[in-house]
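Each of the next two complexes has subunit A plus one other chain: subunit B in the first, subunit C in the second.
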Partner chain A sequence: MSPLISFIIKKLVQYIPMMFAVIIITFILVNMAPGDPTFILVGEVGDEEFVRAARARLGLDKPLHERFLIYVSNVLKGDLGYSYLRSEPVAKLIIDRIPATLLLVLTAMFFSALVGIIIGTIAAAKRGVLDISLSTFSLVGISIPYFWLGQIILVIFAVKLGLFPLGGMVTVGRNYQGIDHILDVIYHLVLPVMTLAIFNLAYTTKITRGSVLEALTQDYIVTARSKGLPESKVIFKHALRNALIPVVTYTGFNTGVLLIGAILTETIFAWPGMGSLLYDSIRLRDYPVILGVFIYGSIIIIIANLIVDILYGLLDPRIRVR
Partner chain B sequence: MKLLEISNLVVYYSTLQSLVKAVDNISLEVNRGEAVAIVGESGSGKTTLALSIPRLLPDNARILSGSIQLHPEKIDLTKLSEKELRKIRGGRIGMIFQDPMTYLNPVMKVGDQIAESIVHHQNCSLKEARKKSIELLEKLKVPDADNVASRYPHQLSGGMKQRVMISIAISCNPELLIADEPTTALDVTVQAEVLELLKNLIRELKTALILVTHDLGIVAETCDRVAIMYAGKIVELADIYSLYKDPKHPYTIGLLNAVPTIKESQSRIHIMTGSIPDLTNPPPGCRFHPRCPYMFEKCMREEPPLINFNKNRYVACWLME
Partner chain C sequence: MNKIIGKNSLLKSNFLQLLFKKITPAKANSRVFTGLVVVLAITMMAITAPLITWYPPLKTLVGEPFTTPNNYYLFGTDDLGRDIYTNVVYGIRTSLIVGLSSVLIAVIIGTLIGVLAGYYRGLLEDFLMRITDMTLILPQFLLALIIVAIFGQNFQNIIIAIGIVSWPGIARMIRAEFLSIRERPFIEAAKAIGLSDIKIIFSEILPNAMPSVIPYVILQINAAILIEAGLGFLGIADPNVPSLGLMLNTAQQYLMNAWWMAVFPGLMLSIIVIGLNLLGDGLVEYLNPRLRKR
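Our next item is the complex of A and B:
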């Protein structure tokens, strides 16, 4: 077996207890939260007998620990249950929505990492006024909450200027095909990605700047300069490559933050992803869907961390998997 | 024939509280193919002097006055633009640093680190440069050079890494090599090997060498002339033979006495008491006077100039007056 595959398997095994912890904690938290899905289904003034029948149908009449055991055993069989309200399997609901969320999150991640690394490196290399203004920008970017930023962006670019659509993923009723469809999705993607990426972009800038500054004090930078290399090569080839490890770590860790950001962003822009599904499900107390989204979210975060671990080795031969 | 002429060089470091006069009015000449040692304790300013030649000093250092001319064109390196200087760094002046562990980039293959310099200065393809870098490693007696070139620094021993460092320095046939304590970070046995290689290399390539060290033992084997530095000043400058046979400055005598030998049956090493003075506020007069066993009244008042007293011998000491 190749060392990479055995490394991945080893890591995955380590993640099993973490998955269990995620299931236990979210199950308890979701059930502790106020509200009762039955009332949403039958209304608050329903007939008592009717309410009891509805509770039994949803399995909510059993005590918490029993419901937990039933849920876990079903999850282990690969069954995430049925949505209370949409009468569709939870897994299908989520899987239908995953591509939209991944498109949004990965685009935001790629864009913010790329631009953040470039801006951060320039800030570290130039210092002075440029550095101060870029650092100020990143501080502002880190401090703005998604829900506010999203609405402001929506008001400015969609409502006032009319440059971009108000929401959704495709123009309703046009049924574009092929390249037109792709362009239409990109057109709808711009504002949500902007909203989601700004925090990440600002943070990546900050981390890259610090990390490059640190790398520039290292001895091998003097060697690179002693070769007569131009400063751009010293910075981008020698300092940045060594500075990227903390940036990659952050980007991996931040998958979770981005997924949470996606909930708010998708809700604001009516983006048909997991985030808006979760928002609706929380509002309507659709327990199985909430739990399912958390489980899928954790899996996405685990995969992201795995990718980070593999990237480490590519960036730094000293920690390459053997 | 002159290659490098340092005249009245003054280099200061600015710290938050004060100015540190690391190199204070130093003049030194290096001829083509000549090996000159700069010897002194830690803090004597020897590394600052060496690094100011290719202007690789840290950000807080300032070359305040003086000139460093590269012959035959007499280009003043202290006034050259960064762009012009880059052609000289790595091209005409090669640098070897103290600790090959930290001075090699940990995430680049060593072959590529050598090739990078060749590509930059000789305008050849990466493929050719890689081939040349393997040849350089072979020249430095690196076994299995082909394989070593594709390794990363952490996979090599200290001696191997220093050979890589030397390969980088000589990759573009420089006229001057500056080696800043090239063997200090190495094992004693490896030290001798690397030194031998370096010595043969400068003979073969007819490269001049400035060897910065605190170890008078390695100087004798490698260099033609020695400059002894103390607290930012050159206190004695002599050819190697006269210096060892007949040291003049009390500091030089002290240094030579501190070198342990196996010939004499001395059970103790002579030590010099005291330490190098605070360079933000050096003592008046001769900077060595607080530690000098022969100190007299004038030493405290006036600073001795570097006097030429015999052929190529210079000493800065009132005893020689």
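Our next item is the complex of A and C:
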């Protein structure tokens, strides 16, 4: 077996138990809950007949270990229960919302990585005045909570200046098609992406700067300079290239933070993704959906980490051998 | 024998000495200093909350609802006529209490696991670290959210939930420190004179591990405060406790006309986070000479 395949298998062996862990943790929490777990698995509302049917389906009158097996097999089949309030299966509700959330996360990730790498590299090359304003920016950018930043951005750009829509993903009542639809979505996407990208941008800039500075102290840079290469070439071609690995790794492993950020940001801009779903479910006490968002959210994060881990191995052969 | 060893560690340094020795002689680190000033100022506000506010916290109709900020209501009033300034000051108190107590829980769990793994090693270490790594990947925020949602939205549950999700990083850190410190000669000396494991762990290794762990704990307090605020923002909070996050949740519905309901609680939350970040990051930099040069 080639080392690459065995590397991938090793990673799968490492990550798949984590997905089970998520399911097991959820099961334990639900069953440790004070009172009857029925209302958490079924929701607080529902007529008696519905509750009775749900109890039978979930095996809630059976002993704990049988219930556990039923629960695990249900989740693995993609059956996360039924939202009585919305009369829809939980899994469908969530899966319908995933694309909107991913659009937000990926756009923010792309922009913050691109801009962060450029600014960070320039900052490393030209130290001095830029350093201070930049370190202030990254401190503030890292510190301001998403949910407040989003509110301020909304008040300034949508309420006061009226430049962008107040929320949502498309203009209500205008059934745009084709290219107009895409432009409309982009128009609605600007403020949420701005909110979500600032933290990542600040962090990426900081990491890129540090990483390029470190690379600039290496011997091969001295060699490149003494060969008479122009400084821009030394920095962008020699230093940046080697400095990118930590930046890429950070961007990938940070998917989890971004996903949580998206959940909070969506709430502000009524972006119809998992976050808005979660927010509404908390208000309505729709427990099956809350648990579902936890399970799906965790699994998305685990998969993202797995992908980054494997890509990392592909990019850097040294990792594979370890 | 006892006289030679004294009551302190063989490596004569308790962690405070070590921390300050590393900090004071060098040029005053402006980041650590600024952070410390901000954090102290905020702590003072939290402690003296009853003295610097004029209305009881959470009391409704102390003024006309939606009053814009003025001399009597510094930050204005909210939809129920509560004084926002008062609630912001008490909200700081809540943030700090949540931050400190949940991280205390996390430190206890994390230290226990880190010590067991780093000192005793072997299969136990593999097992504990596997669990730690797994927990580290899980979304802390969502885990805390469902714990509170399931067990009930009260203050105590929020603190416990945040504590439960915050330990893995601390455990890893403690283990790493133990792995390196246990190989040093003074530990060998401690073993040679027959000190018990407990004694070696708590009075030899742990104090020497502290300088590296403390900045991390400060950053963890920061994270805990943000989790509490985030939960509050989504509406998961104890309605009987003033909370900056919960205030932002209420403000969300009135963003169109009552901007002050969002601006002040969020501003204060950001100041807390900036202060703790400065302090924590500054300390990390101080204790790691490789970063200091930059």
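Heads up, the rule we're going with is that the second predicted complex is superposed on the first by the 253 of 322 C-alpha atoms of A that agree within 3 Å, B and C clash if a C-alpha of one lies under 4 Å from a C-alpha of the other, contacts with A are read in each partner's own complex, and residues count from 1 in each chain.
The criterion applied here is as follows: a contact is a pair of C-beta atoms (placed from the backbone, for glycine too) under 8 Å apart; a residue touches a chain by one contact, two chains touch by 3 or more.
As the structure is a computational prediction, the values presented were derived from the model and not from experiment.
With subunit A as the common reference, the superposed partners subunit B and subunit C fit together side by side. Applying the stated contact rule after C-alpha superposition, one finds that A:315 touches subunit B and leaves subunit C untouched. Contacts of A:242 after superposition: subunit B is touched, whereas subunit C is not reached. Of the two partner chains placed by the overlay, neither subunit B nor subunit C lies in contact with A:198. Applying the stated contact rule after C-alpha superposition, one finds that A:17 touches subunit C and leaves subunit B untouched. Residue contacts after overlaying the shared chain place A:274 against neither subunit B nor subunit C. Put subunit B and subunit C next to each other and count what each touches on subunit A; the higher total goes to C. Of the two partner chains placed by superposition, only subunit B is touched by A:224; subunit C is not. Here the smallest spacing between CA atoms of subunit B and those of subunit C, following superposition, is 11 Å. Across the two superposed structures, the residue set of subunit A contacted by subunit B and also by subunit C is empty. On the subunit A side of its complex with subunit C, the touching residues are 17-18, 21-22, 25-26, 29-30, 32-34, 40, 139-140, 142-145, 147-148, 151-152, 154-155, 159, 166, 210, 213, 256, 259-260, 263-264, 267-268, 278-279, 282-283, 287, 290-291, 293-294, 297-298, 301-302, 305. Per the touch definition, subunit C reaches subunit A in the complex via residues 134, 137-139, 141-143, 145-147, 149-152, 226, 229-230, 233-236, 245, 248, 251-252, 255-256, 259, 262-263, 265-267, 269-270, 273-274, 277-278, 291, 294.
Of all residues in subunit A, only 218-220, 222-231, 238, 241-242, 315-318 touch subunit B in the complex they form.
Those residues of subunit B whose C-beta lies close enough to touch subunit A in the complex are 54, 56, 82, 85-91, 94-95, 97, 99, 102-108, 113, 116-117, 120-121, 152, 154-155, 165, 168-169.
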